[in-house]
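There are structures below to look over.
After this come two complexes, each holding chain A, first together with chain B and then together with chain C.
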Partner chain A sequence: MSEIYDIGYRHYDGPRLGRGYATRALAVHSLRGVFGLGRPARSKLTPFSLAAIMLLPAIVNVATMALIQQRVIQYSGYAVIMQAVVAIFLASQAPTLVAPDLRHRVLPLYLSRPVTIASYVGAKVAAMTVAVFALVAVPLTVMYLGELVVDMPGPPATGEFFGSVVMALALAFLLSAFGLALASFTPRRGLGVASVITVYLLSFASIPLVYGALESTGHDEAASWAWLLNPFWLVDSVQSWLFGTPPHSIEGGYPSGPASAVFLVALVGIGLGALMLRYRKAAAR
Partner chain B sequence: MHILATEGLTKRFPTVTAIDQLTVTVGPGVTGLVGANGAGKSTLIKILLGLLPPTGGRADVLGLDATSRGAEIRRLVGYMPEHECLPPDVSATELVVHLARMSGLPRTAARERAADVLRHVGLAEERYRPVGGYSTGMKQRVKLAQALVHDPKLIFLDEPTNGLDPRGRDEMLTLVRRIGTEFGISVLVTSHLLGELERICDHVIVIDGGRLLRSSAIGEFTQATQAVTVEVDEGLDELAARLAAEGQAVSPQGRMLVVKVLGPETYDAVRDAAADLGLCLIRLEQNRHRIEDVFREEVRAHV
Partner chain C sequence: MNTVVAGITYRALLGRRRIILLLLLPLGLIALAVLLRFFGGNDQPTAVGLMQSFAIGTMLPLLGLIAGTGVIAPEIDDGTIIHLMSKPISRPVIALTKFVVAVTLLAVFAALPTYVAAWLLVGNEDRIAAGFAAGSLAAGIAYAAVFLLLGVVTRHAVTIGIIYALVWESLVGNLLAGARTYSIQRWGQSIADQISTSAFFEADVSLSFAVPALLIVTVAAVLWAGHRLRAFSLTGDE
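Entry: the complex of A and B
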């Protein structure tokens, strides 16, 4: 005969780690959430199918390098070419990171612990940044490994590869700060998805309008600024300035000099600031 | 020795003063914080957690200043919010483990503590199911579990009996009492009903409009007033006449009779009168202080 004894309440006298530990744990927990790990299978469907789509061109590229010794896609242009997939990933996954806690008012449970608003927001941005970075950098790495294995004529484009990885991180940071800020303005997941995708489409669709209008009136120099309206071309413009890669804009070049880098930093700042304001307000509720 | 103390604590919002010159000390054990809705209970808890800066005065929790050392306070206390705060698509176990880690517990310790604490609050196999399918009572237990999981020195329970049926209310109150006694964790529990706190608190603080109405040990609240309520099936008037004739102070109150207790003989008089008249005695109950009485007395004192 076995019996269950009630041993009563036991106190905890083990270690109590600090805010850094809690923030890291929250970031890892959120990153798992972006990819639906530890969630039902249907939560994994969207992120993993988008990640697979992102990988396809890289695999095709490796195949063409092996068979006909030709590059179809350059490292530096990968993010620009695949921008729709990255944008859909951001739109579909950013709200899953921020909406539930806002909608179900879970925030007080975090803020009554060592977690502060800054560490909460920081953990969420870090998780989303790592996720978007992985989405872009994994195909780049597959392509690069493929290039090394295939042994193309001439030296491998190592410099361009590392440049594009660095820019993938910058792109991921910009998209995360902005995507999370947009998604956090509504506690409803569906509206969050819609608002992120709308802003992306606007940034995409406004370029031909602005570019066309300026170019047809003879302001070619000013027209090149139109590309900075879209985050992917903005980051490409910074890449072109930093690493001297050819512009992957559809037509014309980018404004020269560090202006686009300054613009990029400013946009990241605006995104993070908006996020902090949003959560300050949510916390006061 | 006190676990928390406020001194001239004031919190003004643009349109309303939530806490007004509140000076109060709380000792170990279970303390009730009673007040009507909007009396400032939740605001006070937020200030004590260091989440809301006071407009004036100071507050100390476990010897730490709430304004400047909120982060340290939040490591040592637990908080159960009044409103619903649980994401529906995770299980109670997952949620409580996660929040334990947010309190700084390493992963294995978080798992053990979560299992322990969920058992203590009375969640068995259902703790593996998503919280969305829980009853209100079960959700309240999860909220309580997350407040206890890091073994705090003090917990703030904001209206833990909110939305519960009478039985759930009883179970929750018993649990709160156990936390204060068996678990050895000091408790500050709010309610708008003094009656339900009477049973579980060592000390009660009553606030209204952000002001302190009264702070005293529970004994002083529950002291029997010098009156008994008598209810009989019928023949109330005869009984009243008979008791009055014997020199008792009687006043009818609806279908009941309130008899002033002059001494132990009053109870005998009621019993004998009912027996002699052959009445069916339904109730003989000592009148107790209710929150209304506290308010009434204080208002009278102020006038």
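Entry: the complex of A and C
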């Protein structure tokens, strides 16, 4: 004879917060992870020292505006000039977002919640985008506030500032989609860091050489296209098309017209697509 | 040297997708050389520029980092090093074996493509190709040792190595002449300059400083890595 005992497990009858809440929680947790918040001091060292290096030129620029009334760096060129620091930040922090979940194979646990693959990927990309955007936009804002306080001769460059902030968001989105896609191909953090920086350096170091080779043989039109192969110069080219800012390439201009913007959107699409494919495969294991 | 340890390390670095990472940069270098050759840039200044800015300036530190940390850091990261260390193999021998593996990988993936790329552009003119291949091998040996040590000492070896290679050697080295004296890639260039007789290439560091520096850094780093492994504690990540 059997009997059903009520041994006191309780039902959950509180509010169900749903997919949106879970995704937001994951995004916030990931964003804190990028900056090492809630982790030991060793994990905070890299992101915060890189953020400090990003701020330095902005502070120097405010100082020169106050002392000798001159701008050293333009808003529109800030990300291009500081691209090595942004790339190191992306390379060192993107794997911390994706590698642990892949290595410990906890993806099925996430997916047993209302979180889907799309919202998991979306949360990770959103967190990285916000982090990279903050890395670029905070120094720009410091510079702008400095310019307003110092009261430079002539009107403040408000339009250029807001344009560069918008482009910082585009840059952050492009870098995050691509950086996370590259980092997610290996569950090991060190290899993830190395693969992101390898792809960046390949595009950074080779493009001036390609440009030089094409330009010296009279292929000027083709040469200007070479700049679009590096994410920072690509976004700068979209910026000069949208906001009419001068190009910040090492030499020469960009191809005119919306082609670079189309290329940017296509690259973001490829990055997100690769991420989705990667996670669909990882979730199945 | 322990051949079994070496075999396991080779398999870990060359197996599956990881070899793509090692192949990406040398293929990029050779593709650039072919492109420059195609567009008529096969003169000595172009060849020296490609060697200095790409082969030794970008590719070598990065490959040194991937090979140097790659031979040991992933094992420490996922804890499988404990199986290796519980075997009756002297720890300094483990460190030396991993170092030799990293050096052979750099000879194949860095020094050889450097020679091929320079040869594609200028042939054997003024021994540019041989000089840069030898320079990149010498600097590669030092990089392998330093980054192996870094991989043993810290979990953030790759990030720290990138900051050293990009910020100190490239950024600071291009701005301040004094920083060039303490940069592994400039020591390699000094050896390249010794062999090549090209008029378009001048090294910043004298050979009498570069050779002892390379030797001391390499030997000290390998010995120290072996010493660190002798009293190694596996600590949790984050």
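What we mean here is this: the second predicted complex is superposed on the first by the 275 of 285 C-alpha atoms of A that agree within 3 Å, B and C clash if a C-alpha of one lies under 4 Å from a C-alpha of the other, contacts with A are read in each partner's own complex, and residues count from 1 in each chain.
Here is the rule we use: a residue touches a chain if its C-beta (ideal position, glycine included) is under 8 Å from a C-beta of that chain, and two chains touch if they have at least 3 such contacts.
Computed from a predicted structure; not experimentally measured.
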Following the overlay on chain A, give me a clash-or-fit verdict for chain B and chain C.
fit
Looking at the overlay, what does A:Gly18 touch: chain B (first), chain C (second), both, or neither?
first
When the two structures are overlaid on chain A, which partner does A:Ile88 contact: first (chain B), second (chain C), both, or neither?
second
Is A:Pro153 in contact with chain B, with chain C, with both, or with neither (first, second, both, neither)?
neither
Looking at the overlay, what does A:Arg188 touch: chain B (first), chain C (second), both, or neither?
second
Taking CA centres, what is the chain B/chain A/chain C angle in steps of 10 degrees?
90
In the superposed arrangement, which partner chain does A:Thr217 touch: chain B (first), chain C (second), both, or neither?
second
Using only CA atoms and the superposition described at the top, report the least gap between chain B and chain C in Å.
5
Residues on chain A lying within both footprints (that of chain B and that of chain C)
39
Within the complex, chain A is touched by chain B residues 49, 51, 71, 74-75, 77-79, 81, 83-89, 94, 98-99, 101-106, 109, 113, 116, 120, 146, 150-151, 182-184
Which of the residues in chain A come into contact with chain B in the complex?
8-12, 14-19, 21-22, 25-26, 29, 38-39, 100-101, 104-106, 108-116, 283
Chain A touches which residues of chain C in the complex?
17-18, 21, 24-25, 28, 32, 35-36, 39-41, 46, 49-50, 53-54, 57-58, 62, 65-66, 69-70, 73-74, 77-78, 151, 155-159, 162-163, 166-167, 170-171, 238
For the complex, give me every residue of chain A touching chain C.
39-40, 42-43, 45-46, 84, 88, 91-92, 103, 185-186, 188-191, 193-195, 197-199, 201-202, 204-206, 208-210, 212-214, 216-217, 219
